[in-house]
Structure formats: C-alpha cells, structure tokens
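Encoded as structure tokens, the structure appears first; notes follow it.
A, B, C, D, E and F label the chains in the order they appear, each numbered from 1.
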Amino acid sequence: MIFVTIGLAAGTMLVMALVFSYILGWANTAFHVETDPRIDAVMDALPGANCGGCGFIGCGEYAEAVVGGNAQVNKCPVGGESCAASLAQIMGVELGAALPYRPIVHCGAHYEDRLGRTEYHGEQRCGAANIVADVQGCTYGCLGFGDCVSACNYDAIHVVDGLATVDYEKCVGCGACAKVCPRNIITITPFKAERVLAVTCSNKDKGKDITKVCTVGCIGCGACARASDLFTIKDNLSTIDYDAYDPSCGADVMKACEKCPRKRIVFVGKSDSDDVAEFSGDVVEPDFKTTVDDTEWRG
Amino acid sequence: MTTTTQETPGSGKNRWTNFFIVQAWLVLLLASFFGAALAGIQLTLAPKIEANKLNETLEKVPELILGADAARASKDSGQQMEINRQYMTAGTKTYSVFKAEKDNQTAGWVVKASGQGYADKIELLVGVDETVNTITGLFVLDQKETPGLGNKIMEPDWRRQFVSKPTHLLLTAVKTKADGPGEISAITGATISSKAVCDIVNQSLNNLRQPLAKAASDKKKPSEKQQEKN
Amino acid sequence: MNYLIDIMLIAVSAALINNFVLYYFVGICPFIGVSRQIDMAVGMGLAVTFVISIAAFLSWTMTTMVLIPAAPLTAWIGGFFMSPEAAAKIDLTILSYIVYIFAISASVQFVEMYVRRFFPALYKSFGVFLPLITTNCAILFACLTIMSNVSGVDNPADAWDLGRSLTLAFFGGIGFTIAIVIMAGIREELDFCDIPPALRGAAITLIVAGILSMAFMGFTGVDTGLKNALKSDSAAQIDPKPIPKDESPLTSVIIGETDKKEWS
Amino acid sequence: MAKKLEQFTGSGTFPKGIHPPERKHFSADAPIEVVPTPKEVLLPLQQNIGAPSKPLVKPKQEVEYGDLIADNEEAPISAKIHSPIFGVVQKMAVTTLPNGRHMQAIRIKAAGRQFTDEENYRELMGGKWPKSVVGYDPDEVTRAIHDAGIVGLGGAAFPTHVKIAPISLRVDTLLVNGCECEPYLTADDRVMRDIPDTIISGALLSRFAMGLKDIIVGIEENKPRAIEAIRKSAAGTDIKIAVLKTKYPQGSEKHLIKAVLNRVVPLGGLPADAGVAVSNVTTISAVARAVFRGMPLTHRVVCVTGGGVVQPKNLLVPIGISYRELIEFCGGFTKDAARILSGGPMMGFSFSDLDMPLTKGTGGVTVLTHDDIKKQKETACIRCGRCVDVCPMNLVPARLGLASRHGDLAMAEKYRIRGCVECGCCAYACPANIPLVQLIRMGKAQIAAKR
Amino acid sequence: MADQPTAFERFTQGILPENPVYRQLLGLCPVLAVTNSVQGAMTMAGAVLFVLLCANVIISLIRDLLKPHLRIVIFTLTIATFVTIVDRFLAAYMYQMSKNLGPYIPLIIVNCIIICRCEVCASKQSVFTAASDAVGQSLGFALALASIASVREILGTGMFFGFRVLPEMWPDWVIMVLPPGAFLTFGLLLGAVNWVAARKKG
Amino acid sequence: MSETTSEKQSANDATRDVPVIQVGHSPHIANVSFTSRRMMIDVLIALLPVAAMSIYIFQLYAVKQMAICLAACLLTEAVFVKMRNHSFSLTDCSAAVTAVILGLSLPATAPWYVGVIASVVAIGIGKVIFGGIGMNLFNPAMVGRAFVMIAFAGVMAASGYESMHTGIDAITQATPLNAFKQMGISTSLKDLFFGFTNGSLGETSALACLIGGAYLCIRRTASWEIPAGLIAVVLIMGGLADIMGNASDWTVIHHLFSGSLLFGAFFIATDPVSSPITAKGKFIFGAGIGFFIMILRFFSGYPEGVMFAVLLMNAVTPLINRWTIPKVMGE
C-alpha cells in the first residue's frame, strides 16, 4: 500500500512532467516566432516573475518596450538595480558615443526686465497665456508660468523671478521641458562640457522693437559675429554654431561675450565647475531636438 | 542532492525526437522525487489530519447531547461515551449522523446539517435525545455571517434557546420576545441569519426524525442491523 | 431545474457576491498592476476568464480522475498491484497543488505560444496577458475551490460536477473582469485627480478597491434571496404538521464505516 | 416653443446655446459715422485665412487711395491688400494682432490731399445700388471680388473670391448672415439698417456669380429695424428673409444653416458640404461695392462699444487704422474701462497695445468695464454638466478642458476637440469659472504642435 | 553582471528598504486576506518563511543546472512542494488555524515574493546568501503583515493577539475585519510608508 | 505666483492715469449669478423641507445627529484642507452638503461616534484623498455611511431603528422596509407619503423629498435625468414584480415611497461630481441605481439598497462617461 501510493504519486508527477515538457518543448520549436534577439536577451535578464509591477503586461511586454525604446531600463521592481544595470548593458551599446544633451533656456529676462506686461486673467499656464495677446511685451520671451516646471520629473527646472531656470545639477536632459514650452525657447543642446556658451534670447524682432519690450534682449547688433566666427546673426538674433563649438573657448569667443552690449552671451551649466571641465553627468539622448528656429511667431 | 553530479545529455549530439524531454530531465527528476516525498508525507500525516477533522465534531457531541455542565461533569468523572458516525440519506440529502452511546445505551444523536445562511453556508451540529423528541443542543461549526451581527448565532446564549425545543414543531425566528413553544427570538438586526439557522434545523430534523427514531427504537445496535440489510 | 438554479447561484455568487478580487483578495497583483487603462483591463480580464476556465476543466478532470480516493484512473492502475478495495483508497490529493500549478502554467504557456504563432493580432490584444496569469492567484484559487467542493465535502453526492466547476471558474473570471474594468475606468479618471503624492499609484488603488468592496458588500445575501425566490416552494416543503404516526420505512443507509471515538 | 419657420425647413433655432445679455443698446442707435483719415495706417500682410501676401511697394514709394500694395499671386487662398489713404510707404514694421499673431506690416504715412468724410461716405455707401445683374458675367463678378481683396468680414476673414465662385453643383442656397449674435456689437445691424440696398445688390451679384437658386437672409428677431429695412429693400426680388430666434451663437454658420435649413455641416467640413454658401452681410455689401463701383476693400464698418468708451459709435473706418485713434474718436476710455476687445465679448480677443492696427476681419471694438468682466475665482469642476447643456456643438467641454489641462491629447481627440468652434458658451455658463475655451484652444495648439 | 549584494545586505534589504509588501508590492493576496487577526498573520508569515527558505536553498543548490526556459517550472515545482508540506503540517498540528487560513496557504504557491526571490537571489547566489535573503524577506513580510493585522485586529475587535487591549465599551469596527477594511487599511498604511520614505529622501 | 504677478502689475497700473487695462481669454463675460457655491446652497435649501420634517418627527434626535455630522464634517474638512495646503476653504459649502445628507441618512438613535466616524470617513476617504471637491469619484456621504453601516452593523441595521422613542405615537418600531421584508407587514401609503414612519432621519417623508427634489430640478441644480431614470426603472421593476409576484399588498408605490428611494434619487444620486456628465449618461446612471436598488431590495439581506446602489453606479461612472461621449454636431 505505502509503496504503491508513493510509486503512484511519483509516477503521476513523472508522467505529467513528461507530457507537459514534451508538449511545451515541441510547441517552442513548432510555434517559434522570429523576434529581435535583444528581446530574448532582455527577457533573460529580467526576473520573469510576470508580476506586472513595471506597469507592463508581463516581462515579455516590458522587454519589448525596452528594446523598442519605449521604456526605461529601471522599471522592474523585482530585479531592482542589478537588473536595471544588466538591461542597460544590453541596451547600452547604442548610447555609447552620444553627447550629453541639456536644455538651454533662450531667454534672459527676469521680471523687471520685461516691459509691457499686462495684468492677465485666465489659466495660469504658459500654453494658455501664449494664445492671449499682450500678456507681456516680448512675444518670444519666457512667460514664466512654469509649464516646464510641471513637466519636469526631476525637479530640475524652476521659475526664478519670472524666468525658467534649469538646475543642471539635477537635470538629466530628458527634454520634457523643451517639448512642453509653447514658445520653444528651451532647446536641447549637445553639451560638450559642463558649461557651455549660450545666447539667452530668442527675440527675432528688430533692435528698436526689442528695446521697447525688454531691457536685456539681443538686439542683433552683430558685435559678437564681428568678434568671433562662432556667432552668426540670423533673423536679428545671435546664434552659436554648436557643431564648431569648442569648450575651451578661445580669446575671440570671450571677447564676443564681453562685446555684447546686452550681455546675452553667457555660460550655462553646472555652476560650481570650471568653464571647460569635461562632462561627467548622465547621458540621456533626447528623442527629438528643438532649435530656436522653431520658435513660433505668436504673441 | 545527488542530482548535481549528473550531466546534461543531448547537447551537441544528434537531436532525437524526445530532445525536449531530455532537456527537461531536471524537471522530471524533481517532479518524481517531490511526488514521492509528498506521498510519504501524506501517508504519515493523513491519519492525523483525518482525526483532527473528526475530532472537531466529535468533541462537541457530549456537550450537545448532555448539555455543557453535564458533559463537563461526566468528563471529570471519567465516564466514556462511544460515538459512531453514520451517513444517512433522507429526502434528497445525505447527512452525517453521530450516534452517541453511553454505557451501551443510546444517549442521543448529533446531526451535522448545513444550509444557506445570510452570507454563505452555515454548518450546524444539532443534538437530539435518543427518542428524537427534543433538541438537546446546537453548535455552529462553520459560518461566514456578518461579524458583529449575524455571527452572533455562535453565541452560547442565543444557541441555548434551542435546547429542549420539541422536534415535531417547526421553529420560527420571531423578532419579538419568544414565548410560543416553537419560537426562537431572533438576533436583532440579523433576522435572516436567525431564520437560516431555524430553517436548517427544521429541515434536517424533519428529514431525519423518522429514520433516527426508527433506528433508536431498535434496541439492537443499529449499525450492525443496517449492515445486515445491505 | 434545480440544477440550473444551482448553476445560476454559483454564477451570481462567484461574479458579484463573493467577487474574487473584492471579497477573496485573489488576483490582486494584476488588479493593481494592469488596471491603468480600460483596454488593457478588458484584455486582462478576458484572458483570465479564458485561462481560468481551461484550468478549471483540467483541475476538475485531474482531481476526479486521478487524485481523490477511488478515482477511476488511480484505482485502475493501483488495481494491478493490490486489491481493488485498497486501490480505491489511494489518496493522492496531496499532489493537488503541484498538479494544478503545473497544469495551469503549462496550459497557459501552450496557449500563449499557439496564439502568438497563429493569431498574431489576437496575441497583440490578448495573448500578452497570458504569461502574467500564471502567477495569478485567481486561477489557482478557482482550482482550489473546485477541489474543496469535489473532495472536501462530507457527502459524495454533494461533490461538484464539471458543470458547476466550470461555472464557478468562468463567472469568477467574469467577476474579475468586472472588478478590473471598473477599476481601470476609475484609475483613468484618477489621473486627473489631485491625489496626495504619497497615495498615488497602488495606495489609492487599494483605497478605491476598499470602497468598491464596500459597495459590493451590498450584494451579500443576494444568492440566498435569489434562491428563496426561485425555489420558493422548497422552503414550504417542510411539513409544518407533526409527522403522522404510521411510520414510513426507514430510508437511511449507512454508507461509511463507523468511526469510533473513545472519549474520556 | 420650437415653432417651425415658415417657408424654411429649419426650426429657426438650434439645440443648446446660451442667452447672454445683449447689451446692444450702447451703439444700436448710433448711425454710421466716418472717421477722419488717420495720419498713418499699418497694414499687416496677412489679414485673412490662408497665405500671407507679399509687399508690392517699396519704402518711400508714394501710393494713392485704393492702390494695390500687397498680393500673393501664387497662393490661391490669399487676399490683395490696398491702400486706404493717399500717402508714402514707410519701412516695414512688425506688429502683433489681437489674436496673437505676429507679423510684418506695411506702414503708410498720410500725405497730400485726402478724401473728406462726406466723399468717403458717398463713395462707399451712398447713392443708388442697382438690383439687377444685367450686363455682368459671373467671371467678371468673381474677378472684381478678387481684385478688391474682399475677405469674410464677419470675423473669419476667409477670402471671399474663393467662396463666391461657380464651385459646385451641390450648393444651392446663399445664406446671408445677418444674425450678429455677439453681445454688444451692432456693426452688422447698422449696415442692414443704413445701407440695406448694398446687401441686396451684393447678394444678387453673389448668387449670380455662384449660379445658385435661393438667397436667404437670416436675421435674429432682436433686430426688428434691420429686418424691416432689409425686407423693404428686398421687395421685388426673390430674396427670402428668415427671422431667427435670438440665441447665441446663432451667427455661427453651422448653426445658422441648422436653424434655417435644418442641414448639418459635417464635422471638419465646410458649409458647401451642406449645399450652402454663407456670407456675412457686410461682406456682401463689400461685394456690391467692389462690383458696381470697383472699390477695393479699404474701409469697413466697425462698432466701437461697451461701457468702457465714452461715446459708443458705429464707424466707417479705413483698414489699418490704430485702435488708439478709434477709441479717441469715440471720446476715449471711461474710468472703469478694464478690457479692450477686438470683436465681441464672447469670441473677441483682448489686447492692451492700442497701437495695433485694425484688420479686415474686425467688426467691433468692445471695451468692457470692471463690472462686466467680474468673475468669481475659479473653483474645482464639479462636473455639473452645464457646459454640456449649452455646447451648441454637442461636445463635452468639461472633459476637453480637463484633457487639455493635463496634456492628455489622446483623450482630447477622443472627445472631438477639433469640433469646438470656440464660441464660449461653456465658459460663460460654467459655475466654476473654468476658462474652458482657453484650455480647449491650448489643447488644440498642443495637438497642432505635435503634428 | 553588476556586483551582487552580500548575504548581510540581502538580509537587511529585505526587512525595510526592499520590503516585499510596502516597497515591492508583492504577495498582496495574503497581506489582505489573512490580516484580520495577528495570529493568523503570523502563522502565514511563518509558512512563508519556511517555504521561502526551503525554496531558496534548493534553488540555490541547483542553480547551475537551471535552463532559462525551464527555470520557472522548476521554481514552481519546488515551491508547490514545500507549500504542500506546510499545508499538511498545519492541518495536522494547527488544525483550527489551517481552517481559518483556508485556501491562502496553498496560494503561497503563486505568491510573487517567493518566485521573485528565487529568481533574483537564489538562482544567482550561494546557499548562504540565499538563505539569509529568504529570512530577511520573510521578516519584512512578517513585519508588514503584523502592522496591518495589528491595526485591523485592534480596531476591528478591540483585541490584540487574542487579548483585549481596548476597553469593553469600545464599539468594534466590524468593517476592519471584513474585506473593505483590509483594502482601506493597507492602502492608508502604504500611503503612510510612502510619505515617510519620501520625507526621508529629502 | 500668478497672484503676486497681478498684484505687482496692479500697483504699476495705479500710477498711470489711463484706466487699468488687462488681458484675458474669451469669453470675457460670464454668468456670475450661477456658481458652484450657489449650487451647493441650492442643495441646502432643497434639504430644508426634509430636515424640517425629520426634526418634526424625530425631534431632538434629528437635531443632535445633524449637528454632530455638521460639526465633524466641517472640522474634518478644515483639518484635511489645511494638511494639504489647499486654498479653497469651507465656504464652498460642499462639506456642509455632505454633512447634512450624511446626517439625514443615519438612523436617529445612532450613537454619537457613528456620526463622527462617518463624517471623518466621508470627508477624508470619500473626498480629500481624491483631491477634494470635484475630484471625488464616490459620493462622500455614501462612502461614510457605507463605512459605518458595515462597521457598526449592530446599531445601524434594523436594531438601530427600533430602540427609539419618537414624537409621533403612530410610528411603528421597525422601518417600513424592514417590517415588510422580515415580517411581511406593509405600512399604509399615507404614512409613507407624509413620513409618519420610522427610518433614517431624512428618508421618511416622500412629500418633503419630492418638494426639495422639485426645487433642485427646477433650479437645474440637479439634473432631472437621474431621478427620472431611477424612478422609471423602479416603477418598471416594481410593476413587473407586482404583476408576476404573489399577491402581497406591498406594491410598486410602496417601493417608491418607502426607504430612502426618493431621498436618494433627488439628493444623493444627483451629486454632480460623482455622476456622469452627459444627459444620456445621467439617465443611464439613474436607471442603474434604480435597477440595483430593486435587486437589492428584492433579494439581498439588506432591507434597503440605495446606498450600495449609488456606490456601485459611482464606480461605473467613468465607464458610463466613456461610453456616452455625445456625437458632435455634424458627425
């Protein structure tokens, strides 16, 4: 009795295991579907608990999202950091040579610099204020209602005295702020060093019109362009050729900065480092790029 | 684990049809090993579990038949009670019936009855005397009634109402004070649970009264007689 | 007729009154994880319903054919080694958990591969949920409930047949679907709510589930009520009058062995 | 209630909508006055829907009244721009318009003799207007409209020559829109009352040019004088007049068509898809002027009104005049003036820079007082559904606003954000004072930016 | 592969920083189902400890033999075996408790905590680390269960571990021992834990 | 941030001699006579006859219960709003509405702690957790009531109504629904209509509910679609039961006037925040509540189902909203 029961139990299990593993093994080859090998690699690196904690439907879905670039590598609560690290390794091949991208706010006017501001009633959002005329004189400058602040997941941008200001210590360059800015004054720019030069104005109007609305805006005088080849005046606005930009900033470039009558050419980046320090932050490539050229012609 | 010394066969060699199974050798091995181990555990523990299950009911039998005080007294005095379990089919239902014998005399019967309560099934033990004329006790084995309301059917004070109620009357739960012979005063706010208990008792006793009385009237050991009949 | 009413009561009970998620807390993981969008929730719910039905079929079959004492298959094989009476007593129910979980995971995986290979569109909308279901307690819970109703009953006549088992499983799945879809609808709405940061995500989902659970408690007793309404004559079957003196023949039959308990 | 209109298939009104206070009394009884020629005008290069025009004049060039100064030959949907004064072209300037658009503009400084007010009035409005189209052919009419640079003067500023052309056989009716449902504004009312003949002639010409069957003039019943004037002027022609219930936004072309003809313009479609051409009364009168007198669109009737101006008036003004001059002509602001609007209070754009020029599409300048714009503080949406009850487009503005506010563009699209005509009924009715229209416009802008 | 945490780290992580219930949200079915009394909760925690420990040790022993596509099957098999053992032992020696816990003991099989620990730790690290991980995680689990169960039992019955702690006049909050109470308690406690964690972070 | 901006600006403007010109978005005028706060006050006004009736019948009990709820709700709201640093305050009256509805839905003899706990749960879990007024997905009062109903079943269920001495002698001890469900006794229609019965404070008088409800519907503060759908379904289901069922003298009209059906239909279900937004959705919502009320009344263990029905339909409101997106004109 005892032995038969034990034997039967073992036998039952054995038979069941046999049947299932045969069927599954066969199905695995018979129903094979070609997939991106990286998906399998990611799948292997994932715990396979299928708990759904990542917000995706099981590990397979998450693996696909990671490989497809639709998900961050650190979403798996089960695998934790080690899993994230190995996923980054699998996916990291492509990220290797990319430059770090960081946002630059192309406006330098604080509250007192803006002329012609009007009492504005309505939704206190940049996107909403942007469709109302005459909220402030400058139709290009930062509206200061902080759409970018609420878009940032890293608490890395704040409105300081009416001007969006990036905290480069916290910024990871995801580009959310640039995406949301209705006036497109935030651009995602390759940072060749911890601090780079930037023209902090987007106003393309003529100098005379600008002086009416802003005390600091670029008037397109061309002093910088005359001093250095790095700068060109386009649409009454000084622009920097970042392809040719060299972090070491030669004397002519520094001279251009000095020459600028409105001091719109400034270094942006981490505040406590030297001007030319090598970049050492996180490398996140934005999935899009904006330029000042896209700035809308809207009030 | 002895299995760690084995090697994986099949890799790199010709692929036979049962390749998948070969791959799964560890699964197979573990499966059969675990199966066997569990069967062993089953054989060891099963009697104890069975006994537990039975004890849960059997322990209540003396109390249900003799009443709590008498049961304790007889327990203290070291008296014994022999309890037999039988299955009885009556009406459409089959009941577990426990026959308690004391000093080779039928002391009473305990019927395990169940029915729908307010929330879920209610399982009761109903004790009756040997002539099946009065109820000697009621115990709630299992219930999922609303805590604080329906689950008051478990309280001894309420259950005590059933003691010495005649079995030939249908018990009814009344909201007022119970004064009629077949009346049980319902738990305030849990009339449904109270009713359910009454219904279960009514139905089971109605079904079993006759057969039990018949069995009891046989002075011989009923179990043997039944078996002979079969 | 009574059978149909039984089935109906099981269905109502499984889907609403004793909802798997809101009453038994099984399947909480996907309930929280995959309830952010209605489309996903519907897919998940249907996938669970599908798998739970398959699992119920498999587990009922395995239980009645192999595991319980006197199961035909076991008894037959055992019969080669021992007397039929002894063989009928072989109890393999201890294997039930392993067997169920094995059956569930294997069938889920098989269905997933099959759907993925031959119905890619279906897989996209529904198959992706399948792997997540293996570790869904709801499936195993359904199997366990079926088992306890097949082997755990005192009276073999009360044991559930396949129809009841499948009903429980299917409507349990439907109940899961109802709960998760409602939750998904609410969570889509919650995206617009100003919830305290600490409560966002799982915490608020649980609190909403608590409120939902309160709402579903209103169904308590509906099955009793339905049963009474449908079987309105069954309650009245009991004859209120004392039983007449002429005793009808004894109907009781002793089925089991008598268990003796020495009580001291 | 919903009494059917006689002669017409429509019921005379449309479902939902609101009844804002009309407040037309400010300027309703002020006849059209002519504003003296300003010292300079600023003509933005794009005053219409479609492509901007290109300047045809150079700085320091002298131009005469009615000279073509900007055009875009390449773009079919564009309008010519003419000088409204004699003068000298200045350097190109950049200006912002009240609707937020930012564009280049031609500045012309007045020089030499100008027309007097009487001459202006006589040329543009006075005299007899023939009620027959004998001697014209459709192409000629269309060309005259094109050359005159006429755009829809009701506000949308869609180039009229594109609309009034023998386009399609499906279109059978010309609907002349004289509803002017915006509170405060009376320009159209005044045009109908003062110069109904131009409207009748223009309508006949337009129908002739498009080869249509019927002309229906739709006027809200709160303008009995205008109805009478038009009826009198239309006597002897087959022009029908539909008197419509007063309800905002009856002047929206979709709702006008629904009210008069019980036809529905498909979502995202044009009135032509419903077999109707809709034109504003002032546009139609400009057509008459262009065809019969060869006058380009250099002037228009503007209503300067509201509690914030000292003397509300209806004015005939040269296009390109600055708002400052208009306000000053009307006596300036009162003390409690709070908000200047280009257009009416429901759909107009607010601005503060009075040096902005008036464009072709602007039919009114409303100056509201602090009392008018007093709003309660915004509170949370309690989903009362008022906005749903009033939305004439049958949208769910609360959900649209919510979606836009949270940047959920997918949901905004699901709730058909593109169906919104920005009439402002929802925000008017909202008990929580949520700026729904602004939010919806923001959402639309976000969707457009995403594309 | 990045550095694996040491045995001690594994142990401490499980208790608070990576608490399986509050931080990872795993194994929620028992968390909600058996926490209406502290006794039941602790029994459940003990059962989980046993299963997790055994499973982790076994998996860690055979970790070199695992094949990717079959590892989950083996995990499940092992876990199910030990769960069955626990279940039977409870039935044999703590019958009333086993009855109270009902199906939730067998449901440990599909408790994500165990399969996750097998995956994350046991299948990669040595037996000792796996064991300490199992103990750490189980302690974390027990802690979470205890916290929820205490609230529910005290408020719901005025008792703690079966002893009356609140005065007799305390009106029992019956809802706390019912399903809604489980959801609400856990939701609010989870919120509180998040809040504390967020404050700690800065 | 915006506040300071405009303040600064106003200061600047004050120094100018031209009028203050501001900008904003269209429409520039609004219907200022009708605000959210006004809607809440409307509800309070509509509740007056109900409250008066309850005070007439239950006398001090009613006053005590409402006072407890009012105090507890307002206090809770104040505390939570402060904790969350929200700007809006008690002045929007929504907490008061919740409090009065909650108070009126409790049995008169419920102990003080029931009202307090119900209020805290209603405001805390029912409302503030979701972000305050306008964001609560469930009717706060019903969340609070459901909580105490389940938590303190002993004092909230039938027994809660029986241990009371009311001002009106004619009132039987059990609530009409309970009396019928458990003992098959039906109450006279006249008593049900005028409210000389036992029950929760606000639910007894059908007449008072109808008066208040009519006011709400006429003011358009409550959408008529919800009570219409609810009552229609109740009539249909009750009527069917009358036709099919055994000849009991508890008719569909009894169903309509008894329990908190009318109170729920006009005051609870019409809570705009937790009901659907479109007219069609509202009708479906009301119909769903009616359906569940009747199902629960017929079959469930509870004599009354309004509270659960409302919560259930609140839960599916997002789904109803999703399914009843109206067709845009021209679509």
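Brief remarks on what is shown
Just so we're on the same page, a contact is a pair of C-beta atoms (placed from the backbone, for glycine too) under 8 Å apart; a residue touches a chain by one contact, two chains touch by 3 or more.
Worth saying up front: this structure is predicted, and the values here are computed from it rather than measured.
Shared contact partners of subunit D and subunit F are A, C.
Contact with subunit B and subunit F alike is made by A, C, E. The chain with its C-alpha centre at the largest distance from the centre of subunit A is B.
Centroid distances built from C-alpha atoms place D farthest away from subunit E.
Comparing chain pairs B-C and A-B by the number of C-beta pairs in contact, the larger count belongs to B-C. A simple rule picks the central chain: find each chain's mean C-alpha point, then take the one closest to the mean of all protein C-alpha atoms, which gives F. If you average the CA atoms of subunit E and of subunit F, the two centres end up 41 Å from each other. Note: centroid distance subunit C to subunit D, computed from Cα atoms, is 67 Å. Computed from the mean C-alpha positions, the centre of subunit A lies at a distance of 47 Å from the centre of subunit F. Work out the mean CA point of subunit A and of subunit D, and you get 43 Å between them.
Shared interface positions of subunit D, defined as residues touching 2 or more other chains, are 349-352, 373, 375, 435, 438, 441. Of all residues in subunit B, those that touch two or more other chains are 23-24, 27, 31, 34-35, 38-39, 41-42, 55, 118-119, 146, 148-149, 192. For subunit E, residues touching at least two other chains, in rising order: 25-26, 70, 72-73, 77, 81, 84, 88, 112, 115, 172, 174-175, 178, 180-181, 184.
Every residue of subunit E that touches subunit B in the complex is listed here, in rising order: 58, 61-62, 64-67, 70, 73-74, 77-78, 81, 84-85, 88-89, 91-93, 95, 156, 172, 174, 177-178. Interface residues of subunit F facing subunit C in the complex, by the touch rule stated above, are 84, 125-126, 129-132, 135, 137-138, 143, 146-147, 150, 292, 295-296, 298-302, 305, 307-309, 311-312, 314-319, 321-322.
The part of subunit D that touches subunit F in the complex is made up of residues 18, 20-21, 183, 254, 258, 264-269, 308, 333-341, 343, 345-352, 366, 368, 370, 372-376, 379-386, 388-389, 392-396, 398-399, 414-416, 419, 422, 424-425, 427-433, 435, 437-438, 441.
By the touch criterion stated above, subunit E contacts subunit F in their complex at residues 171-176, 178, 180-181, 184. Within the complex, the subunit C residues that touch subunit A are 29-30, 32-34, 36, 40, 43-44, 66, 74, 77-78, 81-82, 86-87, 90-92, 94-95, 98-99, 102-103, 106, 109-110, 113-114, 116-118, 120, 128-132, 134-135.
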